[in-house]
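Each of the two complexes below includes chain A, the first together with chain B, the second together with chain C.
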Partner chain A sequence: MKNRKEKNRTENVSVRLGMLFRKKKAAVPAFLLLIVLLCLLPQVTSLYIQRNLIMVGFYMVLGFSLNFVTGYIGEVSLGHAAFYAIGAFSVSLLTTDAGMGYWPAVVLSVLLCGLFGLLLAFATMRVSGTYLAILTLAFFYLVMNIIQNWEGLTHGVVGIYDIPAANIFGFAFTMKNGGYYYCILAYVLFSILITRLLIGSRFGRAMKAVREDPLAATMAGINNQTFRVIAYVLAGMLAGLAGTLYAPFCGYINYLTFTYNMCLMILVIIITGGRGTMKGVIVGSLIIAPLGEVLRGLISLFDSLPAEYLPDPEQWRFVIYGLIMVVMMRLRPQGILGGKSRLDYRMPAGLDKKEGNG
Partner chain B sequence: MALLEMKQVLMRFGGLVAVDGLSLKVEEGEIVSLIGPNGAGKTTVFNTITGVYEITEGEICFGGERISGLLPREIVKRGVSRTFQNIRLFGKLRVIENALIGAHINMDYSIPDALFRTKKYRTQELTLHKKALEVLASIGLGEYVHEYAENLPYGLQRRLEIARAIMSGAKILLLDEPAAGMNPQESEDLMGFIRSLRDKGYTILLIEHDMNVVMNVSDRIYVVDYGKLIAKGKPEQIKNDPGVIRAYLGDVSEIMGEGA
Partner chain C sequence: MFLEQIVNGIAIGMSYALVAVGYSMVFGVLRLINFSHSAVFTFGAFAVWVGVEMLHLNVFLAILAGVAITGVLGIGLNKMALEPLRKKGETGMPALITTIGMSYIIINVLTIVFGSQMRRFPALFNWGQIHIFGAAIGWQQVMIALACLVLLVTLSLIVNKTKSGLAMRAVQQQPTAAAINGINVNHVITFVFFLGAASAAIAGTLVAAYYQYVRPSFGDVIGLKAFAAAVLGGIGSLPGAVLGGLIVGVVESLAVFALGSTYIDLVAYLVMFAVLLIRPTGLLGRKGIKKV
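Up next, the complex of A and B:
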C-alpha cells in the first residue's frame, strides 16, 4: 500500500516535470541552462571524463539514428555500425588520399551514407522480422569485408593513418580545446531537433503507423515503403555523420575499428532506454555507453591480483549487455522510459485551448 | 451512374470461391447493407473493393472509373475508406494520432516543410487537428482524444475505426460490423450517427449482423450466402424473403410463413 503511494508520488513528479517542460516560460530557460552547463562541462572535467562524454555523444547520435528504423518503423537492424563505418572511412579517404577539405568531405560522406541507407531499404523491401534482421547483419559484414579487402581504395587491413583533425575555419579540434566535445554535442542537439521536428509531423505518424499495423497503414493511404526508405536514409545519414567525426577523433581507423559488438551496443541502447522515444535514447546511451569504462574501473580495483585472474573488461562488457537485455525483456520490454506517456498529447500552436481538452 | 459498382465479381482462394459472380450497386447518398450468414463472403467483398485482394474475375468501378487492379492506397485516394471487422487500430498511438493518420492522404507537405515548420506545414496540421477533434467529438470520443487507442473499451475502439475512416475524406465508407460488441443503447447511438453521416453527404456500405440496425438504417439491402447474391431490396422485402430466412435459419419450413 505504502509502496503504491510512493510510486504514485514519483509518477506525479515526473508528470509535473514533463508539464513544466511544456510551458514555454519554464522550458526555454531550463533548456538554455542545460546547454550552458553542458558547454562548461569540459572546462571542469578531466580529459578522461571528457573522452567518455564524447563516446556517450557518439552513441547518442547512433541511437537517434537507429531509432528511426527500430523505434519508429519497428524494424530491428543488427548492422547499424555499417553506416558509422562508411561515414568514417569515406571522410578519412576523402581528406587524406583525395586531399579534400574536412566539411566538403563530411557532406559527401553523409550523402554516401544516405545512399547506402537507400540501398539497404530496397534490399530489405519484401522481408520482415528475423529475415530482415539477418539481412541487416549481412549488410554489416558485406560492408566490413569490402573495407577489409578492397586494398586499392580502403588500404585493406593496414587501415588509414594520420587522418587530419576535424576543424572549423582552420581551427583544428583537439581533446584539449574541447573541439570534439562541442562538435558531438552539436550533433546530439541536431539529432534531437530533427527527430522532434519529423516525428511530430505526418512523416513520424506514418512511420509509427507502419510499425503498429502495416495493413491498416496501407488502408489509410500510406505508402509503407516510402516511409521505410525515408527512415533508412535518415538513419544512414545520421550514423554516417557520427562516423565523419569519429574518424578524425580516432586519428587512425581500420576494418577492426567497427565491430558487430558496436552494432549490438546501439541496439541495446535504444532497447534499454525505450524504443521510439527520444528520452529513451538519451537515457539508454548514458547508461550503456560508459558501461565498459565503469567495468574497467571496477576490475582495476582488484589490481593486486595476478593478471590471469582478472576478467578482460572488453569481453565481460558483453556479458553485461546480454544480462541487461534479458532483464529488460522480462521486466520492462518497452524500455526504461518507453511505453505510453502520461502527459497529454501536444496540440499544435494556434489551436483553441478548450478544443484541445476536448 | 452508381457511385460504387461491382460487376460480376469473382474471388477465388484456391479451391474456395468466396465471392461468386456478385454484382452490386451503391448510389450516391445511400445507406446500403450487405448481410449474410457467417462465412458468406461479406468481408471478402470489402477486401476486393479496397484492393486488399486482387479479384479473379469481374470489375469494380467507383465514380464510373475502374478501381479493381489499383493498389489499396490508390483506392483510398479515390475516395473509398473502410473499417475492419477485427479492429485494426494503431494501439500504441493516441486516439487523435489514429484520427490524424486516417487523414494522411490529405496532407502533402514535404520533409523540408516539416523541418522548417513552414506556413504550409502549420496550416495543414492545424486544419487537420481541428477536423480530427471535430470528428472525434461528433462520434463521442471527445473526452478521449489524449488516450491511447488500445486503452479504449471495445465499443469506443469501433467508433475510433469509423473516425479514422472519415478522416480520409472519403466519399464512401465501408463499415464492417460497426455495432459488434455494442450494447443496445450504443448501437442505437451508432444508427443515429450513421444517419447523420449520410446527411453530411457520405455514402455508406454497411456489413452488420445486428438486424435491428440493418432494418432501421438501410435504404437497400443485399443478402449473400456462399459468396452468391441471394436477395436484394428494401428492408421490408428482405425481412419476408423466404430465401433469406432459409439462409439464416436453415430449411425450416414451419417458420417460413411467419415472416421475420
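Up next, the complex of A and C:
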C-alpha cells in the first residue's frame, strides 16, 4: 500500500504533464520535438508557404474556438466569423483611432469578444438545433451589418487602412522576420493547452454530458446553461484573439473581409476532422484551409488549356466544402478522427480507478 | 407615403409568408428546419429567369417550367441527401449539417454558372399605378400580394381538404401510427418537399419581380427573414406563417419609413431574437412541439 503511494507520488509530475498530451510518456518529448521543428520551419520555407502556414494557424485557432461550442456543447454555430471580425475591428480601431498600444488593445478586444459571446449565449438560451444555427447566422449578419453601416465607429464600407503591425517590446512583426508565424504558432499552442485543460476538468465532463443528453445532464445536477455560457464566452474570446492578429497581419480590413464563407469553412474544418476532438481540429484545418491553394496548383497544371475552360478555384472550393459536409454526414458523421475514444476513462483525482471503474 | 409603405410591406410580407410556409411544412413532418430552403428559393428565381431572359419563353410558361424544375430539386434534396440519413436513424445534427451543405452547394453552383453580379429580372405586373386616398400604389405590389394569397389558400386547401393533405397531417402528428394505417411516410415527405420547393420557387419569382433583380446571394437574407416570419407566427402553423410574414413585412416597411433603409435588415433579426427568447412557440404555435 505504502509502496503504491510512493510510486504514485513520483509519477505524479509526469502524469500531470501527460494529462496535457494524453497519457503516453513518449508523447511529451515527441511533442516538444515537433514544436522545435515547427519553430525552425520559417527558416527553410518560402514566404508563400509561410503565408499559407499562417492561414492554417488562424483557422486552427478558429477551429479550436468553434470546437468549444459545436464539439463539446454540440450546438452548430454558423456565425463564428462574427467574433473573428469583432476582434479584428476592435483591435484595429483601438490601435489606429484610439492610438492605443498593441497588447492593451488585444486584451480589451478579447474581453469585448468574450462579452459578445456572453450576449449570444444569453440570446440563444431557449433554443437549440437548427433554431440556434439560424440565430447564430442572424447574429453574424447583425454584426456585419452594423460594421458596414456604423460609419462613425467602423469607417463603414471604406474599412480601416494602415493598421499598425503587431509588435512585442517594439519589435514589429513582419512576414520576413517570421513574427506572425511565431505568434500564431503560440496561439495554436495556447488553444491546445486551454482545450486540454478544459476537457480534462469538471467543466469538460459536464460539457460533454450536456452534449450527449441535456436532460440526463440536468438530472445529474449539471446546470446546462452555466456550461453553455462558459463555452460561448471562451469560444468568443479565442476567435477574437485570432482576429486581433489577423487585422495587423492583413494591414487593411473592411466589412467584406469576414464572410459567411469563412463561418462555414470553420464548421467544415471541425466536421472533417471530427467534432469534439483536438486531433480533428488540427487535421481538419491542415486539409481544409490550404484547399484553395491546392486547387489553384492543380488547375495550373492544365494551363495549356484556354483560360475559359479552367474552373475558378475560388468558387469550386466552396462547392467542395458543401460536398464534404454532405458526404461526411452520410458516411462518417463523427469525422475522420472522431468517434469513441479508445483510451480509458480517466477518473477524477482522488478516485481509485479499480474501485471506481470496476 | 404611409399607405404606400403599408402596401409595400403587405406585398413583401406575403412573399415571406409563402417562403415561411415551406419551412413550416417540412418542419411539420420531419421536425427539421430545412436550411437549404433559401437556396431552393434562389434556385427557383434563377430557373424562371433562365426561361424568360435566356430562352425567351412566354412568362407564364417560364414560371411553370421553373416551378416544376425547382420542385424536382426539392424532391432530389430529400431523396439524395436526407432519406439515407433517416434510414440510418441519423437525425438532428447530421441532418442539419447536410441541409447546410446542400444549400452551400446550390448557391455556389449558381454563382459559378451565372456569376455573382445582379441580373435584371422582368417586372411581371408592370401595369402602372392605382390611386387610392391620394396614395399611388403600384399594380406590381397589389398583384404580388394577391398571387401569394391565392397560393396560400391553395396550399391550405391541399393540406386541409385533400387525401394527401390528410396523410400529411397524420404523419405530422404521429409518423409510426400513420405508417401502420397504410400511409407511405416516405411518399408524404417527398410530396411535402415538392410542395415546399415549388412554393419557394413561386415566392422567389415574385420577390425577384418586386426588386427586379436576381443574384445568387439574393435568397440568404430573404430566407432568414422568412424564417423569422415562420418563427414569429409559430413554426408548423400555416396561418401563423402568414401572420408572421405580414408582421415582418409591414414592420420592416414602416422601419424604412421611420429609420431610413440603412438598418432595415436588422429589424427582422431582432424580431427573431426577441421571439425565440420570449415566446419560442411563436404567436399561433402550439405548445408541446419540442424544438429539436
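Criterion: the second predicted complex is superposed on the first by the 320 of 358 C-alpha atoms of A that agree within 3 Å, B and C clash if a C-alpha of one lies under 4 Å from a C-alpha of the other, contacts with A are read in each partner's own complex, and residues count from 1 in each chain.
Note that a contact is a pair of C-beta atoms (placed from the backbone, for glycine too) under 8 Å apart; a residue touches a chain by one contact, two chains touch by 3 or more.
Quick caveat, the model's predicted, so the values are computed rather than measured.
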| item | value |
| --- | --- |
| First (chain B), second (chain C), both or neither touched by A:271 | second |
| Partner chain in contact with A:201 - chain B first, chain C second, else both or neither | first |
| Contacts of A:326 with chain B and chain C, given as first, second, both or neither | second |
| First, second, both or neither for A:215, with chain B first and chain C second | first |
| Which of chain B and chain C A:223 touches, first, second, both or neither | first |
| Contacts of A:190 with chain B and chain C, given as first, second, both or neither | neither |
| Residues of chain A touched, compared between chain B and chain C (which is higher) | C |
| Which superposed partner A:182 touches (first chain B, second chain C, both, neither) | neither |
| Overlap of the chain B and chain C footprints on chain A, listed as residue numbers | none |
| Chain A residues touching chain B - in the complex, by the definition given at the top | 194, 197-198, 200-203, 205-206, 208-209, 212-213, 215-223, 230, 340, 344-345, 347-351, 355-356, 358 |
| Contacting residues of chain C [partner chain A, same complex] | 32-33, 35, 81, 84-85, 90, 92-98, 100-105, 108-109, 111-112, 220-221, 224, 227-228, 231, 262-263, 265-266, 269-270, 272-273, 276-277, 280, 291-292 |
| Contacting residues of chain A [partner chain C, same complex] | 74, 76, 78, 123-131, 133-135, 137-139, 141-142, 145-146, 149, 260, 264, 267, 271, 311-312, 315-316, 318-319, 321-326, 328-330, 333 |
| Complex interface listing, chain B residues touching chain A | 50, 52, 71-73, 76-77, 81-82, 84, 88-94, 96-97, 100-102, 104-105, 107, 109, 111, 114-115, 117, 121-122, 125-126, 129-130, 133, 136-137, 142-146, 148, 151, 164, 168 |
